[in-house]
Amino acid sequence: MAGSTFGERLKMTTFGESHGVSVGVIVEGVTPGVELDEAYIQVQMDRRKPGQSSVTTPRKEYDKIRILSGVFEGRTTGTPLCIMLDNTDMIPSAYDDLKAMFRPGHADFTYEKKYGIRDYRGSGRASGRETAARVAAGAVARKLLERRGVSVLAYTTEIGGIRCETFDADAIDRNIVRACDAQAAVRMIEQVERLAAEGDSCGGIVECRIGGVEAGLGEPVFDKLDAELAKAMLSVGAIKGIEFGAGFQAASMRGSEHNDQMDAGGFLTNHAGGIVGGISTGSDIVFRVAVKPTSSISTAQRTVDADGREREISTIGRHDPCICPRIVPVIEAMACMVIEDHYKRQTALLD
Amino acid sequence: MAGSTFGERLKMTTFGESHGVSVGVIVEGVTPGVELDEAYIQVQMDRRKPGQSSVTTPRKEYDKIRILSGVFEGRTTGTPLCIMLDNTDMIPSAYDDLKAMFRPGHADFTYEKKYGIRDYRGSGRASGRETAARVAAGAVARKLLERRGVSVLAYTTEIGGIRCETFDADAIDRNIVRACDAQAAVRMIEQVERLAAEGDSCGGIVECRIGGVEAGLGEPVFDKLDAELAKAMLSVGAIKGIEFGAGFQAASMRGSEHNDQMDAGGFLTNHAGGIVGGISTGSDIVFRVAVKPTSSISTAQRTVDADGREREISTIGRHDPCICPRIVPVIEAMACMVIEDHYKRQTALLD
Amino acid sequence: MAGSTFGERLKMTTFGESHGVSVGVIVEGVTPGVELDEAYIQVQMDRRKPGQSSVTTPRKEYDKIRILSGVFEGRTTGTPLCIMLDNTDMIPSAYDDLKAMFRPGHADFTYEKKYGIRDYRGSGRASGRETAARVAAGAVARKLLERRGVSVLAYTTEIGGIRCETFDADAIDRNIVRACDAQAAVRMIEQVERLAAEGDSCGGIVECRIGGVEAGLGEPVFDKLDAELAKAMLSVGAIKGIEFGAGFQAASMRGSEHNDQMDAGGFLTNHAGGIVGGISTGSDIVFRVAVKPTSSISTAQRTVDADGREREISTIGRHDPCICPRIVPVIEAMACMVIEDHYKRQTALLD
Amino acid sequence: MAGSTFGERLKMTTFGESHGVSVGVIVEGVTPGVELDEAYIQVQMDRRKPGQSSVTTPRKEYDKIRILSGVFEGRTTGTPLCIMLDNTDMIPSAYDDLKAMFRPGHADFTYEKKYGIRDYRGSGRASGRETAARVAAGAVARKLLERRGVSVLAYTTEIGGIRCETFDADAIDRNIVRACDAQAAVRMIEQVERLAAEGDSCGGIVECRIGGVEAGLGEPVFDKLDAELAKAMLSVGAIKGIEFGAGFQAASMRGSEHNDQMDAGGFLTNHAGGIVGGISTGSDIVFRVAVKPTSSISTAQRTVDADGREREISTIGRHDPCICPRIVPVIEAMACMVIEDHYKRQTALLD
C-alpha cells in the first residue's frame, strides 16, 4: 500500500489535492444489488461542506458528487464505485505567499521533508479537503450498515473547555457546533466566535456511538476492532487522541470498578466501550477523539521558509475557527467504513 | 488478512494459545546480513516475562526463545525468522471452572460469540501471553533501528492515580513498576501491593518516546505514522486509549498555543508529539497509552455461564495486580515494528 | 482487496464500465519529483486505442487521458495520480438485445452468476476497455523504469497459426499486427482479414522481453517474479496461458539441456527465461502468452438467455477480429507495473 | 508483504530452510468448529515426502507434522494453526562443496545476488522442501473444501516426451509417477530410470482438475481466479508455464471453435477451462503446468564460483530424476488454498 487506501474487504482509495482539478474516491467491495443514488451520498457531503453555518462564509453549489461507475439503473453492481467532486471556488493566488513558508501546525514542513516536492497551494494532499472523499465512501458504507440495523452517530461533547452536561440526540444537528447539549452549544458558539474575532482558534472533543452491533464482531490480535477504529480516527489530520469507554479514566480505576459484570440481562456497565479483546460485546461501541485547534489562524506566528530563514506568518483566508462540527461527519464516515468492513471479514471467516 | 499479521514491509505473524504447546512469531522482510542472536532477543523477553519482580511469584527458565529459521552463521539471511517459545508451567486444571463461565473484563464472552468455540484454558489466543511473541519480533526490529540511530523508550508515568513528577531515564529499569520517577515508584508499588492484598488491581499510564527519527517519515492520508502507532497500541488487549503530544489537552488549547512554531534552530515546542500530517517532524515522537486495571481479580464478581445462568466468580491464580511494568516492553516492541516498517516503506517510495 | 487493485508498493486501482461515464485509474506509490506529462502517457494510449489501423473502423479523438492529481508543475509529487478517460462514441442501444442473452466466450454468464446483477451494456467491467486504464498506469511505471535503464518490449509472434521466423525490433510498430517479422506480418494480416470476412476471429501468441534488469530482482517463495508476472498476464481477459523461457518445451527436455550453465562471461543459455527461484538472473526476462480468438463474432452461435431458454446469437458491431496488436501495449503495461513494483520492494528489503 | 505469505482471507505464511531446524506454516482464517487432526494432514504429507517409491532411496519417519495451535479438542478454533515439521536426516557436510559454487538451474546465484548472503546448505529457502509446508496448509484448505463438495485432483499427463492417452482416475495413485494412464506410466518409469542411470533428469506436464465449483466464483479484473491460480502454480520453483482449457492451442483456433456455446443443459464444450472473465463457469476448472527437468544432476556442468572463477560441478546426492510425482500434491495444495480463499472472498462480497 502507499497510504491512500483503507479497508480490507470494503475498501476505499482516495485521490486529489485541495487545489487540484478534483478529489475523489474509489470504493471497492460493495455488496451488489443495493439501491443507491447520488442524493443519498449528497446528504452526508452537505453535512461536511464548508460555509454551511452562519459563523462561516456562505457559499453555494459546493461538493456536488457524481458517481462515475459501479451503479447501474439505481443499484450497485458489486464493481468499484468512483465518486468524484470537482474543486471549485479556489483562489490559488491567495497561496503564493505560502510557496516557500512552512505554516505552523500544517504539514507543509513534513511533506517537504518526505517528498522533496509539494503542491503548496492550500495543503495539497494533506488538506482537510481530502476528507470529503472519505465522507462519500462512508455514505456507501452507511447504506450497507442500514441493512444490518447498525447506527453510527457522532457529536461534539466539548469545545474550548466547555463541556456538554446532557445528551440529546435531537439537538445535534440543530446547533451549528453539532453538540449533544443545546445549552452548552450556545456557550460553545460564543466561545468560537470570540476566538475567531481574536484571530485564534480552538479544539474540542467529539464522541461517537455505534449501536446495533451484536456481540462477536472484530478480529483478534492485531486487527482488533478498537485498534482499527483508532487507526481510522488518527488518520484524520486534526485528531490527536482516542479513548474507548472509560478510556484514560481507566488508568485510575480498580479492576473491580472497571470490569463490566453481567447478569442474565447482559452487561451491567460499559466501561469497556463495547469492545473486549478486540471483539464487540453487544453493548454500544463508544469512543471519544481529541480534536486539535485549527492550525490556520491570523495571529502572527514564527516560522522559517524553505531556505531556513526566520519569517513571520499570519494565515489570511477563510478558515474554520473550530473544526469539530465539520469533523463529525468524517468521524461517522470512517466508523461506517470500519464496521461494515469487519462484518464482511466476519462472514468470510465463518463461511 | 485474518488478524494475526502486522506490518507491510517488515511484518510479523503470531500464533499460539496461552495454554497450547507453544507460542511464536514469523518475522518477514528482515534486512539480510545483520548480526543477530538469541541472546539479543532474550534480553527483551526477560523484561516482559512473568515472575520477574518481588511483588509476583518467583519462577525460572521462562520464555527461552529459539530461532528456527532466517539466521545463518549469526547473521540474518533476509528470509523469514521463526521464533518459538514453548509454554511451560501450565496448570490447565486450574481453569476447569472457567470452562463455561465468562470472566468479567476478559474476552471469554466475545470469543465465544465470534467463533462459537474457544480454548477456555487461560485466555487462549486473547491472553497477554500472545504479546511475548510480539516482544520477540520487536527485538528484531529494534536491532534494525539501532543501525539508524533510532531509540525507543517506554516507561510508566502513572499507576493507580499516582503520577511521576520528574523524568529520570536511569530510574526506569531500576524500579519494579518501570516508572520514570524513583520516588513516585515507591508510592506506586505500595499502592499496587495494597490493592493486591485486597484482591483487586489497578491501571495506569505508559508513555513512549521515540528519538532519532528525522523529519519526513510516515505515510500520508490513511497510513499516517500516528494512525499506525495508534492501531499498534490499541491492538494490545489492556490498552484503552492513546494520545500524541498534548493529546486530549489539545481540546482546550488555542491554535496560537498548540501550533509548534519554528525558528532557525527548529521547532520551539512539541505539542504535536513529533508527527504532523502523519509524517515525523524531527522532534521526538511522544505518545501515552491508558492501561486498564488487570481484569483477573480475586474479588467476587457477577457473571453468567454459557447457558446464561447467573453465577459468581473470583479468579484465583497468579496474576499481575498492575500490568504496566510488563506492558512497557510490549509497547516498545510494537513501536519498533511500526517505525522500522515505515523506514522501509519510505525507501521504497523514494527509490 | 476486492479485485480492482494491483501491486504492493507501486499500486494501481482501476474503475469504470465499458459503457459507463468514464474509466480511470489511481496510481499510488509513484516516486516523487519525476517529470511526467499527459503527452507521455498518451503515446501508450494511442497504441492500444481502437480504430488505429486500416483493418478496423477509423475513429478519432479516442482515449484522451487527463491527469487529475499527483502531478504539480510537470513533476510527480509522490501522491496518488488519478488518470481519467471519458467514454465516448457509445451506442448503448446496440446492446439492447444482449440484455438477457449470454454471449459465448464473454463474461455475461459468469458476472450474472457472481453478482446477480450486471451492467449489460458492452461487457461492463469485464470489457477490454478496462485495460485502457492499465495502459495509463503502465506508462507511469515505464517512466520510472526508464530511470533504471529497464526496457519492456512485447510483440506478436504468432497469429492464426502463422509464426514469425525472425526477430526484427524495428518491424514491430510498422505493421498493424505488431509482429516481429515483417514478412510473416503480411500473411497474418491476410489471415485476419479472411477470417473477419467470414464473420470469425483468431487468436495468437505474444512474446514479451524485458531487458536491463540485473540479477537479484524478485521475491522468494509465493511472490516470485515469474509468479507475479503470470498473475498480471492472466488477469488480462483474453489470455489463457503463459510460459517462461523454454516453457512447455521444458517438459520434454533433459536437465543437462535445460540447465543454464555459466562461464566467466555469464549464462551460456537462457532456458529459464531470466528467472530462477523467482529472482532475476540478469539475462533478459522472456515469456509468451496465449491469446484466445476474439469472442465477439458475427457467426451464429447457440446460447441461452437469463431464463434458461435456448437462443441463437450473432454479435453485430465493431470488433477486432484478432486482439493481438492491441493487447501488446497491455502486456507491456502490466510488465512495467510488476517490474517497477519489485524494484521498490527490493530497496525496502535491503534498507 | 515479503514473499512468504499467500492468500487473502485464508492465508498461509511459511518459514524454514531445507537444512535449518524446522520448516512450517501458519494458516490464518480457518473456519472455526471444523473437525481436524494431524492424521488427516499427514495423508497429504506422505504423498509428497521423499523416498516413497522404489525408484528413490527408502527412508522412514519423514515429515511427521505437529499442530501447535489453532485446534482444540479436535476442532479448529478460528485462530491461526501453526503446523511444524522438523528437518531430519540431513547431511550438511555433503554441501560443503557447494558453499561457493552456483549450481546450474538452482537459485544459488540469484539468492546470492538478491541478499548478499545465503544459507548454502541444500537450497536454503529456495528448496523444494519449503513446499512441504504448503502441502500441510493445503490439507487444511482441502478439509474446508470437502464441506462444499469441491474436489481437487492433479496427475501427471506427460513425462520425458511420453504422454498419457487415456484418463483413469483410479490409476493415479497406483503408479509411482502419478500418471492418469497406467500403460503410459510403465513407459514413463522406464524413461525416468534410464535418465537417472545416465546421471540426467527429465521434466513433464501435470494437469489439475477442480470439480464441484458452481458458476460465479472468482474476482474480476486483477484477482481473476485463473490469474491467482497462475500465480500459485508459478510460485512452485520447478514450474515454468501454465495454460487453462485449450490454453496455447487457443492461439491457433477460431472464435467459432473456441467459444463455449450453451444449450439448456449448460455449456457444450469447455475450451475456457472453466473460467471466463476470471469467474468460474460451473464447468470443471482445468489447467496444465509445465514442470522443468530436475536441476540436480550428476552429469558434469560448467559454472562459476562466488569469485567468478570457472568451475565444473556434478551434484552428487539423493535427488528425484523427475519431480512430477512429488509435485502433484503440491499443485493440489496450492489449488485448494486458492479456491477456498475465493469462496471466503465471495461470501464477504455478498454479505
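First chain written, first letter: the chains are A, B, C and D, and each begins at residue 1.
Keep this in mind: a contact is a pair of C-beta atoms (placed from the backbone, for glycine too) under 8 Å apart; a residue touches a chain by one contact, two chains touch by 3 or more.
Note that this is a predicted model, so its numbers are computed, not measured.
Asks: Could you compare the number of C-beta pairs in contact for B-D with that for B-C and name the larger?
Replies: Output for the comparison: B-D.
Asks: Sort the other chains by how far their Cα centres are from that of chain C and give me the top one.
Replies: B
Asks: In whole angstrom, how far does the Cα centroid of chain A sit from the Cα centroid of chain B?
Replies: Centre separation, chain A to chain B: 27 Å.
Asks: I'd like the Å distance between the centres of chain B and chain C, where a centre is the mean of that chain's Cα atoms.
Replies: Result: the chain centres lie 46 Å from each other.
Asks: Measuring from the mean C-alpha position of chain B to the mean C-alpha position of chain D, what distance in angstrom results?
Replies: 39
Asks: Could you pull out the residues of chain B that touch at least 2 other chains?
Replies: Each of 1-5, 8-9, 14, 29, 32, 78-79, 114, 125, 220, 345, 349 in chain B touches at least two other chains.
Asks: Enumerate the contact residues on chain A facing chain D in the complex.
Replies: Residues in contact with chain D: 9, 29, 31-32, 78-79, 220, 343-345, 347-351.
Asks: Taking the complex as given, what residues does chain B use to touch chain D?
Replies: Residues 1-5, 8-11, 13-17, 20-24, 26, 28-29, 32-33, 66, 68-70, 72, 75-82, 114-119, 124-125 of chain B touch chain D in their complex.
Asks: Write out the stretch or stretches of chain C touching chain D in their complex.
Replies: 1-6, 8, 14, 102, 104-107, 109-111, 113-114, 123, 125-126, 130, 158, 160-161, 195, 200-205, 214-224, 226-235, 237, 240-264, 268, 272-273, 275-282, 290-297, 299, 301-304, 308-310, 345-346, 349
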